[in-house]
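These are the structures in question, set out in turn.
Across the two complexes that follow, chain A remains constant while its partner is chain B and subsequently chain C.
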Partner chain A sequence: MASVAESEFTLASRRRRFSRRRLGRIAAPYVLLAPAAAVVAVVLAYPLYLLGKMSFEKYGLFELIRHKGRWIGTANYSSIFHDAEFWRVVLRTIAFTAVCVSLTMVLGTAIALLLLQVGRVMRVALTTGLVLVWAIPTIVAVDLWRWMVDFEFGVANWTLTKLQLGDFIRHDWFANPWTGFGVFTALIVWGAIPFVSITVYAGLAQVPHELLEAAAIDGARPWAAFREVTLPLLKPIFVILTSLSIIWDFQVFQQIWVMLDGRPNSDYYTMAIYAFHESFQISEYGLGAAIAVVMVMFMFAATLVYLRQMLRTGEVR
Partner chain B sequence: MKVRYLAAALLVAMLAVAASTASGGTSRSHATKIVVWLMNDAQSGWPEAVALANRNFKAQHPDVDVDVQYQTWGAHLTKLDAGLAGGDAPDVIELGNSEMSKYMAAGAFKTLSQSAFPNNKTWLKGLKTSCQYNGKLYGVPYYAGARAVIYRKDQYKAAGIKSTPKSLAQFMADGRKLMKKYGKDSGYSAVYFPGKYWYFAMSFVYDYGGQIAVRKGGKWKATLNTPQALTALNQVKAVFTQLSRASKTGDEANPQQSLVFAKGKVGSFIGNGWEWPYALDEKLGNPALASSINAYPMPSHIKGRFMPTFLGGSDLAIPVTTKNQSLAADWIKAFTGTAAQSEIAKAGNIANTTKLLSFNASNPKLAPFARAAKFSWFVPTSPNWVNVENANVLQNMLVKIATGRASVKAAANSANSQITRILNTGA
Partner chain C sequence: MSSVTQIAPTPVAPVVTRPRARKRLRKAGWNALGLLVLVVMVFPVYWMVATAFKPGHDILSYTPQWFPAHPTLSNFTDAVHQPFFWDAVKNSLIVVSVVVALSLALAFLAALALAKFNFYGRKGFIVIILGVQMVPLAALIIPLYILMSRLGQVDKLSGVIVMYLTFVLPFAVWTLRGFLLGVPKELEESAMVDGATRFGAFVRILLPLVGPGLVATSIFAFIQAWNEFIIAYVFLHTPEKQTLMVWLASFTTLRGTDWGPLMAGATLCALPVIVFFLLVQRRIAFGLTAGAVKG
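Here is the complex of A and B:
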């Protein structure tokens, strides 16, 4: 009996301790999250709130100096939605993103598959090359490319002419937006491939060899084995890489801005440049904010599709 | 328990952040430094004038340093906006005369008392006008510039050109002669004319009696689609296609046209006075060209007249955010006094005072520009004008014309509607 009384006593005190511990356990995640939440609130939520607020205001230079905008409702939005230039920019940005992302994913995966096939020396050489490309800061990379495609002294024009591919002496790649965007596509895909290749390569190394062997025994050709075995296994990686690439390529700015001396022709406006132009070049910060909000919505929509798909198929746990 | 420690640590961290931001807000008791933003033209063209002003200022205020920060034309307004928004714009800033109205209208600058500044009775009228808004003075004239044709005497002679052209038709014919003589080299330009060089291109429009925009009944109306403007733009296209092999998407500053000229494959270019000595610079240019370089005012399509040149120039202003207004004003006084202005004129510019005009006329290296300056044009005087410049409307139009991507008429119509829209925004 004594032992029972004793155990009852300890049980009660344990329950008290237990409930305190439970409280701690419930609170702990929130407390641990608090610093991160505070940082996000300061660097992301507050600026986003200001951006949203500004997109409903007349906010020009006059207002900037006085730190106070004037509420004008949805006038900024209706102004951009009725602007033919805006829709041209949107279409251009979507098309450019689609081309860049497709090329990045296809070429990046191809290089990852190549890495799996080549010998050790080549693999090290190739990986080193990829990492070096990845390590070059964007602005430096843009300046390198700018020299290469320079109208007067560029090595690209010289090489193409020497290879008898035509007369490229003093060829201006940016005179025609198609070749100009060709240069930008090459630059962006070149810069994005390392991340995709290395990530996909890491994923490929996880694909069980037996599965591929079994597929081969069942008579699957390499392409079929890739499509039926490797691709489904790596789907989560591809989904993440694709959505990240979409986000990155959709907001491309520095490459075009630096290459064209900060004065791109309107032919080269992407959404990010258009928003910057409206805000910082002609001091219509309200209009620029509205464009930026629309841009955020586009990206949100693009990533939402992928997130939903990922959650629905239950591949993310 | 750990939770409580964490919470305590978090609280301490937050307090620390709050304290550090609070201490950042305390103001200085007295200034030890003023910040001056000048454009990089001063850095390459007349560093002596800047040094002289700094010395004079330092003599007056031994314990105050001057931090001169050189800016580029492409980025300085964006930086100024950021400074105004954040409350730490420089104490003195140089602005192009066509950039002033927008900032004066928005209340970005301190008002100034004209009588406090040197030579204020003899300031160049064109520059002084650009410093005034609603009857108040917000800037001090800094310097002006006019463009003329800077050319190679030896090449003109070798191509059989006996005297400098007196009409646009002659200018074109001489250019074709140069192309015939030297044009086999695919890098040669008789007239180096990059696609975005709108200051030169718009001179044609004003020469043919056109304008960029006119104000009628309180509303601005762009006039680039008038017959006069279209004739002029077709003439511009002829120069692009027949006489120039400069980049059709490039501008006159990247690369610096005077340095391209120094490389030898250019018969002539349209430059400011300071670009003549710059082409001969020992490090960047080619001093060997000193004996074969000269200049003449760009001829009009009417024989015997000059084509109007853009009256470019700069003013100095004091942003409202400064806490050192009187120091800033003292530096401006030192930089716009007769001594520093003489240095600026010597470098190939037109000084801010008419007192120094005779100085320019008597110097053969400055006289062609001083003569060209007598016939000038200026941009529409709307506070929104600088937005047209920043939106690259004219540059985009010219690139379309130069590359042939659009007809002259289509390019002009598109620019015209954009200019009308921008100039009337918020009006």
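Here is the complex of A and C:
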């Protein structure tokens, strides 16, 4: 009798213990995630919600002091959509992004292919150089490019003049927005090439040898083999790199802002600078928020492509 | 980690056979091109360092002085004696160390959940972590400013630290998750078969194996927090409270453009990042194909 009762008792307690352990097992991941999720909610999710809300509000200095915006419906949006300046800024940002991203991808891939061809020593030297460039902080890069294109003592003007490419003595690159954006393109592409080259090179080095051999046996010229074998295999990498580059270049801000001493004239406005100007310089936070929302929408397309590729390649398991 | 690293790592070798001399000539041509690319890419960095070591009259010369023929450290002494330099160093170190510690602790727990447990909402959280990295800071800064002014956190290092978590944390979670996935489950299981508790297996097996991952992730967090400019620029108004990047960006406006000290200051600001970057170079090159983010 006693033994049966005892065994029943242990069984029940074991079951209880088991279910508690199971409960713990189910709850554990959520408990582990909670702190990070809370931070993300406070500093990312809520501000994003606030951004959307502010874009429908009149939010100026008065509202900033009162800590409360005034609902005005879609007035901010209709105001920017009827503003010719806004559309110029949108077009400029898209064109600038397109130029920067294509140059980055083409030159980056070309250097990655070059890395396969050069000797061992040169490969190590070139990789180290690329990593060195990659490591330069953006603000440092801006300052050193600013020094190189200085109108009076800049090394760029001297070199271009010596190369007989024209008279660049005392040439001010930022007097004309076209050459000004030329400098920004060079600065951004220079800084972005290392990431692309090194990543593509890592991918190239892992293209199965046999496939290229088979293509060569079938009579494919190197270019055809590259196009038919290597490119399709590297497509996921290219999709990810291109979408990341679009996302980074579309929101360009600090390069232009710091290079032009925080006083870019309206010829140099990109969407990020325009939104910043409307909010922090003329205190129209609602208008700035509406511009920022449009900017996020533009970038959303690139983000979707990136996410889809990440899900597809099995990054997300 | 990435799709490519899962493919067997066979190096590509040229398959065409050609006469040796011609092949060697070709190699020399490629090497020459490689050298040209190297020079063009590295020149700006060289020019910064070279300028930093030149005396004033060699900098302000109409014909560039390619080598610092009269090297001097006076630009560096000038730079560190600029107003607020040491304040900026102190602020940067405070911000960076707190951000690294906080993000590492929070990210490790979250990454553990994502890598070692299968639960409802896991995939959704991963998609959020990935997507959130794509939100432009330039757009987010407007509502962040409103939020922080409500909370009285404008012009305070604590506010900046919390905001830095917005971009450091998702990235750290993603990277650490990759490292944790790299540890085979069998190792832990066999430890538990041998009588270790779950916690014991965690401390003895998992922790040592992800040690390098923790180091790499904290270095990445360090670099991102050290380099950040926009948030620090908008939120820290008082010169005593600015970080190094804000100090560097406002350097030129202090008294015209004094290129020597500016380049010396820029070199000093870049130095820690370069050192850390070279330390984790191999990790960057082959591990982070997809997850890597550089702002």
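Some notes on this structure:
Here is the rule we use: the second predicted complex is superposed on the first by the 269 of 317 C-alpha atoms of A that agree within 3 Å, B and C clash if a C-alpha of one lies under 4 Å from a C-alpha of the other, contacts with A are read in each partner's own complex, and residues count from 1 in each chain.
Keep in mind that, in the parts below, a contact is a pair of C-beta atoms (placed from the backbone, for glycine too) under 8 Å apart; a residue touches a chain by one contact, two chains touch by 3 or more.
It should be emphasised that the depicted structure is a prediction, and the values quoted were computed from it without experimental measurement.
After overlaying the two complexes on the shared chain, residue contacts for A:239 are found with neither chain B nor chain C. Judged by the touch definition given at the top, the superposed model places A:24 against chain B, while chain C stays out of reach.
When the two complexes are overlaid on their common chain A, residue A:64 makes contact with chain B and with chain C alike. In the superposed model, A:103 makes contact with neither chain B nor chain C.
In the superposition on chain A, contact of A:290 is made with neither chain B nor chain C. By the touch criterion defined above, A:111 reaches chain C but does not reach chain B. A count of residues in chain A touched by chain B and by chain C gives the higher number to C. Look at A:188: by the touch rule set out above, it reaches neither chain B nor chain C. In the overlay built on the shared chain, the residue A:229 is in contact with neither chain B nor chain C. Once the two complexes are overlaid on the shared chain, A:143 sits against chain C while remaining clear of chain B. In the superposition on chain A, the residues of chain A touched by chain B in one structure and by chain C in the other are 28, 32, 35, 64, 67, 261, 280.
Across the interface of their complex, chain A is touched by residues 1-5, 7-13, 15-16, 27, 30-31, 33-35, 37-38, 41-42, 44-45, 47-48, 51, 59-64, 106-107, 109-110, 112-114, 117, 119, 122-123, 125-132, 134-147, 149-150, 162-163, 165-166, 169-170, 173, 181, 223, 226-227, 229-230, 234, 245, 248-249, 251-253, 257, 259, 262-263, 266-267, 269-270, 273-274, 276-278, 281, 284-286, 289-295 of chain C. Remark: chain A residues 26, 28-30, 32-33, 35-37, 39-40, 42-44, 46-48, 50-51, 54, 59, 64, 67, 111, 114-119, 122-123, 125-148, 150, 153, 155, 158-159, 190, 193-195, 198-199, 201-210, 212-213, 216, 222, 234, 236-237, 240, 244, 247-248, 250-251, 253-254, 258, 261, 272, 275-276, 279-280, 285, 288-289, 292-293, 295-296, 299, 302-303, 306-307, 310-311, 313-317 touch chain C in the complex. Partner chain A is touched in their complex by these residues of chain B: 3, 6-7, 10, 13-14, 74-75, 77-78, 81, 84-85, 102-103, 105-108, 186-187, 196, 245, 247-251, 254, 320, 387, 390-392, 395-396, 399, 403, 405, 422, 425-426. Those residues of chain A that touch chain B in the shared complex are 24, 27-28, 31-32, 34-35, 38, 58, 60-62, 64-67, 151-152, 169-170, 172, 174-176, 261-267, 277, 280-284.
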